[in-house]
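Below you'll find a set of structures to go through.
Look for chain A in each of the two complexes below; its partner is chain B in the first and chain C in the second.
Right, the complex of A and B next:
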């Protein structure tokens, strides 16, 4: 769905043959990404964590996603998570490593920070490669096939459908603000103007939803979700799944060599 | 405000997931045929709004707006924000998978609380008091979210407490900005579409 925010990538009928991961069953991809996340957050051995990150990078190359941008998204974190990782070596007691302004960083703390960074990046990269590479509507129907509540899936599909529409509306409103000489700054006027912009977006979204509901009702919408995709696991899906599970078991094996922390 | 995978302890992750599942179920129960499109499209509006960068000094922050979401959506904010977090994780690489439950709880619970506390007050108020309660709701939700994030970190390990305190202090300016923005947004909504608050409760508009 990342294509919604990026016009250059919007072509849905891509002439290139679909990537290896894109041809696999969406349900399988979601389950594998979830399993991988659960396995990876339990790892603490550096060899195992390195292996997990390597697997995620391998998945990225098989996913057909643009590698540079995806890696940049993977590395992007909240400022406070970065602050947390930087603070960890100083707040975990242990053998001293380096002293900065009278504060001592410990080897154990540094190890913990690196472990968290490796886990976080491996999991999110795998999630983007396996799940983020599918169309948003496909994600909805696959989650439905995986027994997610019907209304939650409907909510997800509505959200993904209208993100692009509403973003265009937001950009139109911003252009009209610029036409009237609005320059954002750190002042009350700017914040109030942004607030009015958001309020207007919500009002327009509600009015749009009323029109959409009317149009859906006149086509017989009764609140139920009708999923058009049907899924069946092919022999290749089973092989792909087996390889994936096998690799995860290997990671667990490497970790067991050192014992779970 | 997205905690990443691999930082929290298993009890915190599981607790967050269970409580979030409960909140999502309650939120979905309030959705009817009539309100699904409204909740879905408003949820998309909040997704877009959270990508808006607002200047603060030489830098800029992106908004969370969970207070506003709670004021507008009520309990439906729970599933709506859960959906937004899932989409942000798999398509944009914010946050993570095993932390989805905790992140949803951190953001959606304050939203629902802000809605429950401040919506009745806004309904009864007029003029400047509407802005006051709206702004307080917006600021309250961010404050509660930072507290939840700090708590999730602190409960996972004592070594996280310094970072948890830092999170709270660093978010004080953001609380103020979100408060001002929510106040202005609520004032506009009350003026333009006073029925917007009642629509999602299934009452006739």
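Right, the complex of A and C next:
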């Protein structure tokens, strides 16, 4: 998915040797990432959560994704939960840790904040490493092979196909606005112009969707999706899957031991 | 037998003055026909009427020897009359070139292996085999045009309906497209503004004027 707006990759089967994870069956990668998310969300022990994050970092190194850009994307997600993480120590009652401007932060609240941060980052990093390293088209056909509803897969495929076309349309309209001296500001004229821009994009998108449907009908479309890719699990896929599940069981084991201690 | 026979077609878009008023057209197998006309004269509308994406308000569409009235009737027409849209982005909606070309054959009920064979054959025929695994929205304008033609040829049509195929193509690509089209056996209805291209592909021509098709010469 990370490739949707990335012109660098031009074909599904890139000629450069794919990374270890990229060679594994896409279905397996989706399922493992899903399982990992479920397991990680259930963990609360710090050793287990640290292990989960370490596992996600390991997956990142095996995924062939550029680490810096991927970590920056992860930080982008952190931006969304930052406010909650900061407020949590102050809103959860418990033994006082420090006091800022008359507000007391609790030890329990801080622990919860750290847990959430670890969980969220481990899950998002694993998702990017396992699923994000997949071209959107492949993700769609893999989800189809995993029996996800056809409508949802079609929606995903159309979105990834036309997002670029829409963006180009938007950029063209913006350029033509700029060419006629438009400078965005905080005034009614700017708001109205942006309204027109959005409205025009909606109208064009609607018309385009009608033309696309026409073109599809011309080629015998009857509402059913047919995918060319077929998938088969190889022995290496099975080993990879077994190692993945084994590591997740280890995380659960760590959690249980510390939980009972 | 005429491949296409349009008699006395009237058509108007909802709430607008009529585009076509009494347009008639006949096409025989292997024939090549260019249609010209001003912007908004109804050239694309005519093509859409042929494949049943639009229905005439009056007149009859007969294709491949049978009158075509209902959506059901047009399924066969759409397979046998390959419509290449003006904007390739409207036509290429699959993630990869191979999938897009296979889309038609798969819809016709062919298996994956057969569809894959057709993809290979059509790509070879147009000399664009290296594009096979490429992602459609990363293709250049010229490549998109050739791929959209390949998508239509994969249905093995008897007639090609080309809507402004040289639109936004540079001279090299126009040249390449011309050579490819000259080598095809199909009958062609060509809608274009490009006089040079018209002479090379389909010298015989009609012009839409006041909603009617008249001899261009």
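As a convention for this text, the second predicted complex is superposed on the first by the 243 of 261 C-alpha atoms of A that agree within 3 Å, B and C clash if a C-alpha of one lies under 4 Å from a C-alpha of the other, contacts with A are read in each partner's own complex, and residues count from 1 in each chain.
Criterion: a contact is a pair of C-beta atoms (placed from the backbone, for glycine too) under 8 Å apart; a residue touches a chain by one contact, two chains touch by 3 or more.
Just so you know, these numbers come straight off a predicted model, no measurement behind them.
Once the two complexes are laid over each other on the shared chain, residue contacts for A:199 go to chain B alone; chain C is not touched.
Once chain A of one complex is fitted onto chain A of the other, the partner contacts of A:218 are limited to chain C, with no touch recorded for chain B. Of the two partner chains, chain B is the only one that A:76 touches; chain C does not reach it.
By the touch criterion defined above, A:228 lies against chain C but remains apart from chain B after alignment on the C-alpha atoms of chain A.
By the touch criterion defined above, A:181 reaches neither chain B nor chain C.
Touch criterion not met for A:102: it reaches neither chain B nor chain C. Judged by the touch definition given at the top, the superposed model places A:246 against neither chain B nor chain C. In the superposed pair of complexes, A:137 makes contact with chain C only, with no contact to chain B. Ranked by how many residues of chain A each touches, chain B and chain C are led by B. Taken together, the two complexes place residues 136, 157-158, 160-162, 165, 208, 212, 216, 221-222 of chain A in contact with chain B and also with chain C.
If you check the complex, the residues on chain A that touch chain C are 7, 9-13, 135-138, 140, 157-158, 160-162, 164-165, 208, 211-212, 214-222, 226-228, 230. Note for the complex: chain C touches chain A at residues 48, 51, 53, 75, 78-79, 82-83, 85, 87, 89-91, 93-96, 98-99, 102-104, 106-108, 112, 115-116, 133-138, 151-152, 155. The residues of chain A lying in touch with chain B in their complex are 1-2, 5, 33-34, 37-38, 40-41, 70, 73-74, 76-81, 83-84, 87-88, 90-92, 109, 112, 115-120, 123-125, 127-128, 131-132, 136, 139, 149, 151-152, 154-163, 165-167, 170, 184-186, 188, 190-196, 198-203, 205-210, 212-213, 216, 221-223. Contacts from chain B toward chain A in the complex involve residues 1-7, 13, 24-25, 28, 31-34, 36-45, 47-49, 51-52, 54-57, 63, 65, 68, 72, 79-80, 82-84, 86-87, 89-98, 149, 153, 159-163, 166-167, 170, 177, 180-189, 192-193, 196, 199.
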